[in-house]
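The structures considered in this document are given below.
Both complexes shown next keep subunit A, but they swap its partner, so subunit B is in the first and subunit C is in the second.
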Partner chain A sequence: MVSKIMEVKNLQVGINHDNRDVAIVNGISFHLNKGETLGIVGESGCGKSMTSLSLMGLLPPGVRWQDGDIQVDKLQFKNFKNKDWRKVRGKKISMIFQEPMSSLNPVYTVGDQIMEMVLNHENVSKKLARVRALEMLHLVGIPRPNQVLDEYPHQLSGGMRQRIMIAIALSCNPEILIADEPTTALDVTIQAQILELMKKIQNQLHMSIVLITHDLGVVAEMCDRVVVMYAGEIVEVAQIVNLFDSPKHPYTQGLLKSLPDINVQKEYLSSIPGVVPAPGNMPIGCRFAPRCPMAHERCKEAPPLLTTSDGSEVQCWLYDDGAEKEEIR
Partner chain B sequence: MLAYVIRRLLHTILVVFVISLIIFFSVRLTGDPVSVMFSAGEPSKEAIAELRSNLGLDKPLAIQYGIFLKGLLTLDFGESFRSGMPVGTLIFERLWATIALALGGIFVAILIAFPVGILSAVKRGTGVDFFGRIFSLIGISFPNFWLGIMLILVFSVQLQWLPSSGFESIKHLILPSITLGMILSGILARLVRSSMLEVLNQQYISTAKSKGISEWSVIIKHGFRNALLPTVTFLGMQFGSLLGGTVIVEQVFSWPGIGRLIIDAINQRDYPVIQGGVIFLAIIMVVVNLLVDLSYSLIDPRIKAGRGSQ
Partner chain C sequence: MNSEQDVLLKVDNLKKYFPIKGGVFGKKTLQYVKAVDDISFEVKRGETFGIVGESGCGKSTAGRTIMRLLEPTGGDIYFESKNLANLDKTQMRKIRKDIQIVFQDPFASLNPRMRVFDIIEEPLINFGVTDRQERVRRVHEVADQVGLTLAQLKRLPHEFSGGQRQRIGIARALISKPKLIIADEPVSALDVSIQSQVLNLMKDLQKEFGLTYIFISHDLSVVKHFCDRIGVMYLGKMVEIAGKHELYGRPLHPYAEALLSALPSSHPLNKKERIILTGDVPSPANPPSGCTFHPRCFSCMDICKTVKPTLLEVENNHQVSCHLYQDTGIVENNPQDSPLLYQEAGVEIR
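Here is the complex of A and B:
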């Protein structure tokens, strides 16, 4: 029986422009099951990072949580104060970022940076924290961990640094790991190793992963389910098999069509004509309609999220024609 | 590391040599010392000639320079034309006062500028930032003699809390340090603010936040520690120039420092004191610079002394 570990409900985050709320993420809802890897895909600027940062309460200055809620276990993030967030970050939910080269603090040793996390969340001695740090280095497959513990980030390669980031993120045994393009900055072989490592550790520690990427090859490799985002909204949620075998939304189809080979994913994004509209300048009705080959009269009205026969959810009028398709929103 | 220090020392020697050339010849442009040394009446030709040869001024310039240089090698700066005291002694008598004032000024500057700069950066765009920046601007544009005089009026004359001149105790250090520190803190706060802003945008700050550590840990431990490098560079350079450049403050507070020693010497065309004083300050400058460079590798492990810091 699958159980939900996190539920995002009608989340809206955005900026305030000229005294007017401009949504960057426009009321999205999805959930994360225990032990699964959920992919979030979409072109650049679709709001993937904003979504993932909201899960940690780490929105950049100027960007505000405008509406909706996120629930993890019994916790409701909506009314969280800073000190509530601090108990969640690193302990319940951890995050790794895209740029391993700049994600680590250059002036502290690897060991110090792992220990900082442990000492922050657990009531252990420095000595024990150091032992834990060493264990973590073993876990993420760092060669000669004893030395690396006392080395500085600049002495390590990009792949090694991303492993260290994973070690930090997982050092307090979080239930959820959010990985925002964890391998984009790495070259292909290293990329594969890091993904392999994440999978291995996920099985060992039984955690759930939210994997943000615009690489469908990575999605195919890693994910159980996928959320497809477009212009701050969710346009499709599908099991991995359905996503590749029968993509529903024309946007998803476009993304897949432009994927030449699962191992080569360069520049696939450019093949859907047009660009993602900017927040505050969104088309009325379906946001994808201006770029959609199947757009028709009805698309002037915003489509609801519909469930299809194979269980995919899709926000498109094309799927509003049969009796088995039930409106869920 | 050792090779680096040695290279830097050779470097220093070259710098000191060049400065010795410049100061030796430029001092001789200030005028003839002998003409200001007779207090009353028209001196006889013989008296002038005798004084000249006593002071060694009758020898050819090249020889004079040679003597000066030879003295330098043995750290003997010669004797004052005026008092006959060894220049080295004159300088060292005043060295403590000068260093105390420079350190006092830097201390006050740090005390003010670090919090102001950090807060300005953290609360960027808010009222706090606004006041911080106004403060910097005032600090930078304030004439320091005016601030010094105001402080004397209020704290020495009116309230009679603190002495206004000389250097006999720590208490004497307070007002001049504040005067110097206020000016310095304007620039320093700006520098701290801008380097903090740059650092706070870095990805590792997000990483630090994602660990759930306190906001101030993020700001100080992860942010400020990285913003320290440009700050230390600046302070090191300031320390060097404060040693010779506090003349105005020294005047206002009748501070027995090296700056005033040199100014007086220039007025009296006391060549050895001018030469000795300037060379001495130059050496301190270079040494402080070297120390600052060496401290980089302590602050930032990416920098190995001798590599990247030049």
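Here is the complex of A and C:
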């Protein structure tokens, strides 16, 4: 029996614009099982990064947590104060960011930055923290860890910096790792190294990973389950194989079809017409309807998340006809 | 057909070195970053030539040096049998009518204070179309071709999404009726659903106007989809040039092989054996001796550490710069023999 380690319920995050609440993430719910890798995919502006930041309590100024809750074990994040967050960050949930160039502090050595995390969370001496930092560098496969410990981030390459980020994130054995586009800024050969490393460490430490990405190739490589987001909403939740073999939502289908496939040669790629709507100017009803080839009368009404016969959940009226497809909410 | 006529652009031993200045007044040149180090290739009329490689390999510098946005340090660039490297500024300006460029970042490459109409019109003014009526007609025509409405022409760039801005960039390149368009990562800043729109547009335009593209990208699946022939660059050098089917079917250079195998699979059940390269790309200011790839190469031999390999045609339409193939003495135009020779050279054939 798989147990849930994290549950997100009806999360709504947004900004206040002209005295009006504009939702960037509009009431999404999903869960993370122990030991699995959950992918969150979507295009820029779909709210996937805001979702990940709210999991860490790191929403930027001006963006508010409007509704909903996140539950990890028995903790409810909704009413967390700063000091509560500090206990959770790094210890229970850790995060690695997209830009390894800008997310490390340039004026501290690599060793200091890893030790900072350890000293914050654990009652250990500086000496022990340094030993721990060295172990972490070994774990993430940094060559000559003894010297790197005393080097500054600018002396390292992009791939090495991302390894350092991972070392910092994992230094206190978190149960959940949130990886926000961890390989987007890296070259393909380095990306392959980092993905391999994340898989290896996940097996060693039995972590659960939330992987946020726009790259479906990375998703195919890493994830067990996938959440597809569009315009601040979840449009599909599926097991990885189902997502690629029988994508349900027209958006997911369009997304998969618009990828150039290295094994198939065709003259033209299919594409999704139009652009993602801006927050605050969302279409009424199904948000994908204006770009959807299958849109019909009913799409003027917002569809619920429906469960299909193979267990995928999809937010689309097309799956509301059969008896086997029951409404879950 | 005359093969000489067929070649639109021929790049010969092109070099671009950037000096690293030092000393008390910063006037002494300490060493050079060899961003583009002796590359040669040909682009045929009407084809799409792809240049792939990782960041810092010199692919963008190559693109810019070809149209002399950067002055080449050495080498020749023959465009329709004129050597661009020898032209002075005025002559070069005229040639730029035929060679245009589309930049990577559609957010930075459009002047935020100019209206879209003016942005697209500007090249016409530069190239001496003095009749205003004519200019308006041409802008409207090209806007229609790339899918911009007339109402949109009155707006400013910030009102557009990334994909739309890239259309503006393409319109600007297209309006002078160029023969060659250098597209420097034109879709890498775009989302996949928008990326395919822009790629399809570029393909349509190529058919309609018989354009030739040099398509610079780091995305191997996009390159495979879009290009006819592909050059793989590593640390300022071309390591392999081949037709796309030859390259993707059987990459010869170990770097090309590793690059292709590093590509994430397109299906979760279709996991492949990976060649994971160790280490990072070395600094181009201080490249390794011999073959620049040897410290990361999994088939590295003794000779690779000291002797630089040269780019040789080992098969029909397939050039590679690697010692594995240089000593084997593979005869040109005799591909039937080559598999055996590859095996002897210790290369796995897939």
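Rule of thumb we're sticking to: the second predicted complex is superposed on the first by the 320 of 329 C-alpha atoms of A that agree within 3 Å, B and C clash if a C-alpha of one lies under 4 Å from a C-alpha of the other, contacts with A are read in each partner's own complex, and residues count from 1 in each chain.
In this section, a contact is a pair of C-beta atoms (placed from the backbone, for glycine too) under 8 Å apart; a residue touches a chain by one contact, two chains touch by 3 or more.
Note that the structure is a prediction, hence the values are computed from the model and not measured.
Enquirer: Mind checking the superposed model to see whether subunit B and subunit C fit together on subunit A or clash?
Expert: After superposition on subunit A, subunit B vs subunit C: fit, no clash.
Enquirer: With both complexes superposed on chain A, which partner does A:M95 reach: first (subunit B), second (subunit C), both or neither?
Expert: A:M95 contacts subunit B only, not subunit C.
Enquirer: Is A:S103 touching the first partner subunit B, the second partner subunit C, both, or neither of them?
Expert: It touches subunit B, and subunit C stays clear.
Enquirer: Just to be sure I read the superposition right, which of the two partners does A:E221 touch: subunit B = first, subunit C = second, or both, or neither?
Expert: After superposition on chain A, A:E221 lies in contact with subunit C alone.
Enquirer: Who does A:K200 touch here: subunit B (first), subunit C (second), both, or neither?
Expert: Touch partners of A:K200: none, neither subunit B nor subunit C.
Enquirer: Hey, is it subunit B or subunit C that touches more of subunit A?
Expert: C
Enquirer: So in the superposed three-chain picture, is A:K300 touching just subunit B, just subunit C, both, or none of them (first/second/both/neither)?
Expert: Touch partners of A:K300: none, neither subunit B nor subunit C.
Enquirer: So in the superposed three-chain picture, is A:G159 touching just subunit B, just subunit C, both, or none of them (first/second/both/neither)?
Expert: A:G159: touches subunit C, not subunit B.
Enquirer: Check the superposed model and tell me the shortest C-alpha distance between subunit B and subunit C, rounded to whole Å.
Expert: Nearest C-alpha atoms of the two chains are 6 Å apart.
Enquirer: Both subunit B and subunit C touch subunit A; at which residues?
Expert: none
Enquirer: Quick check: in the complex, which residue numbers of subunit B touch subunit A?
Expert: 124, 202-204, 206-215, 222, 225-226, 299-302
Enquirer: Quick check on the complex: what are the subunit C residues that touch subunit A?
Expert: Residue list for subunit C touching subunit A: 54-55, 161, 163-164, 191-197, 199-200, 203, 218, 220-222, 224-226, 248, 258-259, 261-271, 274, 276-281.
Enquirer: Could you pull out which subunit A residues touch subunit B in their complex?
Expert: Subunit A reaches subunit B through residues 56, 58, 61, 82, 85-91, 94-95, 97, 99, 102-107, 116-117, 120-121, 152, 154, 165, 168-169.
Enquirer: In the complex, go through subunit A and note every residue touching subunit C.
Expert: Within the complex, subunit A touches subunit C at residues 43-44, 143, 157-160, 187-193, 195-196, 214-218, 220-221, 223, 240-241, 244, 254-255, 258-263, 265-273, 275-276.
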